[in-house]
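Each chain carries a letter (A, B, C and D) given by its place in the written order, and its residues are counted from 1.
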Amino acid sequence: MEFAYLGPRGTFTEAALRRLPAAKTATAAPMSSIFEVLDAVRRGEVDAGFVPIENSQEGTVTITVDELVGGDPLVIVGEVVLPVTFVLASEKPVAEITTVASMPVALAQVRKYLRRELPNAVVHQALSTAQAAQRAADGEFDAAVCPPFAAEAVGLPVQAFDIGDNPNAATRFVHVVRPTAPPEPTGNDITSLVVYIDYDRVGALLGVLTEFAIRGINLTRIESRPTGEGLGRYAFFLDCTGHLADARMGEALMGLRRICDDVRYLGSYPRDHSDAPVPPPAGLSDADFADAAAWLDRLRGTGA
Amino acid sequence: MEFAYLGPRGTFTEAALRRLPAAKTATAAPMSSIFEVLDAVRRGEVDAGFVPIENSQEGTVTITVDELVGGDPLVIVGEVVLPVTFVLASEKPVAEITTVASMPVALAQVRKYLRRELPNAVVHQALSTAQAAQRAADGEFDAAVCPPFAAEAVGLPVQAFDIGDNPNAATRFVHVVRPTAPPEPTGNDITSLVVYIDYDRVGALLGVLTEFAIRGINLTRIESRPTGEGLGRYAFFLDCTGHLADARMGEALMGLRRICDDVRYLGSYPRDHSDAPVPPPAGLSDADFADAAAWLDRLRGTGA
Amino acid sequence: MEFAYLGPRGTFTEAALRRLPAAKTATAAPMSSIFEVLDAVRRGEVDAGFVPIENSQEGTVTITVDELVGGDPLVIVGEVVLPVTFVLASEKPVAEITTVASMPVALAQVRKYLRRELPNAVVHQALSTAQAAQRAADGEFDAAVCPPFAAEAVGLPVQAFDIGDNPNAATRFVHVVRPTAPPEPTGNDITSLVVYIDYDRVGALLGVLTEFAIRGINLTRIESRPTGEGLGRYAFFLDCTGHLADARMGEALMGLRRICDDVRYLGSYPRDHSDAPVPPPAGLSDADFADAAAWLDRLRGTGA
Amino acid sequence: MEFAYLGPRGTFTEAALRRLPAAKTATAAPMSSIFEVLDAVRRGEVDAGFVPIENSQEGTVTITVDELVGGDPLVIVGEVVLPVTFVLASEKPVAEITTVASMPVALAQVRKYLRRELPNAVVHQALSTAQAAQRAADGEFDAAVCPPFAAEAVGLPVQAFDIGDNPNAATRFVHVVRPTAPPEPTGNDITSLVVYIDYDRVGALLGVLTEFAIRGINLTRIESRPTGEGLGRYAFFLDCTGHLADARMGEALMGLRRICDDVRYLGSYPRDHSDAPVPPPAGLSDADFADAAAWLDRLRGTGA
């Protein structure tokens, strides 16, 4: 089995991929953009792709979502949530550092640390944390802000660990494949969707959420985006608790199919970092749905 | 085919029964109470029963509804809505009438007429309009307030027609049988239900109505009654637009089955006085449900 | 202070009136119909009226509700819920009774008793339980089915107590006056309303219930009735938990005022048989509303 | 009046600022990060700030939103929506270009163009489009992908206009100030909020949307983000149609204040590119709210 992932080697994506059970015995090819990863999956050059989809600093990785929504269908069959940690990598002790480099997003995440510990250092921008580490190792700058494995890769000592301002920072990655039936339900799954509705009708979004709420399905993520097809038409990216195979999820999806302009299914897959399976609310188990269906059949057949 | 109906002969119930297509060629036996009619159906002594269930003056005929809800199941397979009209039946012209009789409910419906036209007449109560007509024909009172056919039955002339205060007064009757599949959908049907919910949970009724509203089903009647089983437990009598065979009604009923303490189906039948069939709202036809189910099957099977 | 009530003396209504705190020291005049009671209040001939509004056997007393809804406004300022009990009143022991009389509604409530204990007795209809008792005392019938006080009033011994089929049978009476501010909140109050909506718009009733549900207000009674003004226009009689003075009730009422075709306020008053006051749900106390209003004022004034 | 904006000069932000009516006669100081712009406003060094908040390629500018949500309050008082267009700037005709540079986000937006017209060119990353244009003007690369004004600023000819893949691409910028009352309503305004709710309770988001939907308020943007404060607690960024001064918006905000864990108001301001004012739905105008409030006052005072 072969994975393509967003490279280069030595980034958070590769670190996350190592945690994916399905990738344990797979070969993994770094590619230079999310587009290339997903195209390689679509064309069948690899079996699976692995790309970031959301991070706590920048929110949704729009390129990933847009690629999943447009073009030939792909489905998500797994996720990895990786804590994001930064180090200050340098040959010099902190007190002697006068220049520091990193990519803008990483600098934004250590802003408070730099202001407090290196208030007089000159800050330089680099294209990636790996590049910053390399340039610091080459002596172009005194220090780099980068993940631990990037410092290790270039042989730079770490002067300070966990310097990120947000101790809960994390990035979420997804394992995508060509369309296929979802993995077996685990009792703690996510289903990802994109729905298209017309905002000019008051309450269209309320209608979508009602389909979930009456069936005890929670949303763990929602994000609207204009579709670019004219005023008032919106797409919503939704992550819902539950699995495509659940009776209640099935009925909710059928409801969306009927009331939305369009629905695109992006996959059902186990939650990473999930605790014990969450039982469905009272009256909403598969057995409850089966009981109700049998009752309806009896009514239609015999009236009692 | 034999019908039992609430007698005696010469009442609104018999007049209504004559309008029921299914009773055209049937024999019809009057009985002295709603209980007896329904018991005769339950015991198989007759094929069908015909009783009042709701009228515009007094609201629900609670005895009928309670009998349908309790005891062995019966289902409604038809309805007749009969306009209620009263006449002043007397041998004397209005100006000479000094005593008038009727049953209390009928007197309440002609109160304004009596106040205006017979302000000085003495009003007497009788047990039924038929009894009042008979006693007026016998000379016990000058006049009776009764339906036209009751005056005719005892040979009393009519001095004034349509003397009811409410020109829209009507009574609704139902045709009930032992449990059986409902009659074919006509596109303009009613489904009658009783649902039991617990009022202590805020929004339980809202949950019930949501099951209908998201599927474009209207209620034409709703009435709560305490169940007598303790504080906070209520039964709701509901008449809904649509037929048991409709996909959207089926899904709504299954939803109620899951969220309510109990649901009792009372029948699906054609609306009386209905106009042309009412098409389901956009996205809620049987074809829309079939499309959504096929789509879900595809997703579950192949992910696309 | 003078009350008018639905007579005659010796009925459930008089028994209920005796339980109303506000009537303790009042004089009370029986009248022969609900119309007369309410008209006497409207014309100022009495200070207050007392009439039945709902009973567990027959449901809503439609005449009362229709009178409160039509004509000059009246408001409810109190209620009494009276358990309904029937006795078998007779000079003879049960085994010797061959004829029994009562009004039809009372007979319906003791049907199972009569079938079990007096299966061979001939049953006669009377216009009221008081009349039945009088005629039994006069020897016209062997026995009467009536409330205990009616037997007592005519001096008939009681052969069997509590013969009603439903041990929870009760009637609800209301204390009405000309429009005035409601009595002080007790923490366990009812607010009665009539709202008019158009059923042709799917979800109109859902909109009404949403106004209550989002503010933690329960309904203890709901009943629809056609308005007689044309197809699809309905009135709903609602009893809601809470008081007109509550902030959340006020906001809900204003919401109804805006979305309904019409709203008629029928009064706020203490619940009879209420337990300890029920605190409002989290976030919905008057203090919560005051906090939110103060916050909005600050935003509008200074943006923070 | 002095504005700070996200520099450097010659970017989309400066182009957008020139369109803001309030900035017509203001001085404008470019700053090197969103943090610096907003801090300068907070500290009172400038009167106003101007920063990007959302773009059609990358979605929300999370840094801006996080800064508005955390730290000392700021409010949005205006917005500008600027179409995003890219050009191919080069001294050479397209056929002769072998190297092209731009920042990664810009390259992503012209991917299809490059694949079609320059399939063999080597692509280089730069830190900004302005830097790419400068380096192309310096001869380091043959061409730059940049906005028209960036090409103009360095004197590079444009070889191809409007090369972006999405013709509707746009960026939204906001004008922020220290807390103050909002600008006057125009009839076509946006109110921006952040609300915090607990996802563990099914339907919490539904409750938030219901507050808007029942008052005819649409959402034009919604985005959830984990708060980092533990599982299940989410923040929602919302843009709503309407103004803080509207009665219906005020009532909706008060409702959110009561039901959400927290609500942060981010400002009410005129929509850019708005058409004629949009009247409120039936029953939801300020006059309707005033009527309802007056009616409630009458009921509370006199019962009628």
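Keep this in mind: a residue touches a chain if its C-beta (ideal position, glycine included) is under 8 Å from a C-beta of that chain, and two chains touch if they have at least 3 such contacts.
Chain labels with UniProt names: A, B, C, D = Prephenate dehydratase.
Values in this document were obtained by computation on a predicted structure and should not be read as measured data.
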With one step meaning two chains touch, work out the least steps from chain B (Prephenate dehydratase) to chain D (Prephenate dehydratase). 2
Chain-centre distance (mean CA atoms) for chain A (Prephenate dehydratase) and chain D (Prephenate dehydratase), in whole Å, is 23
Need the CA-centroid distance for the pair chain A (Prephenate dehydratase) / chain B (Prephenate dehydratase), whole Å please. 57
Using mean CA coordinates as chain centres, what's the chain A (Prephenate dehydratase)-chain C (Prephenate dehydratase) distance in Å? 59
Do you know which chain D (Prephenate dehydratase) residues sit against two or more other chains? 210
Output every touching chain pair, sorted by label. A-B, A-D, B-C, C-D
Which part of chain C (Prephenate dehydratase) faces chain B (Prephenate dehydratase) closely enough to touch in the complex? 33, 35, 56-60, 62-63, 104, 108, 111, 125, 127, 166-169, 199-200, 202-203, 205-206, 209-210, 213, 216-226, 228, 236, 281
Seen from chain D (Prephenate dehydratase), its contact residues with chain C (Prephenate dehydratase) in the complex are 73, 75, 179-182, 207, 210-211, 214, 244-245, 250-251, 253-255, 257-259, 265, 267, 283-284, 288-289, 291-293, 295-296, 299-304
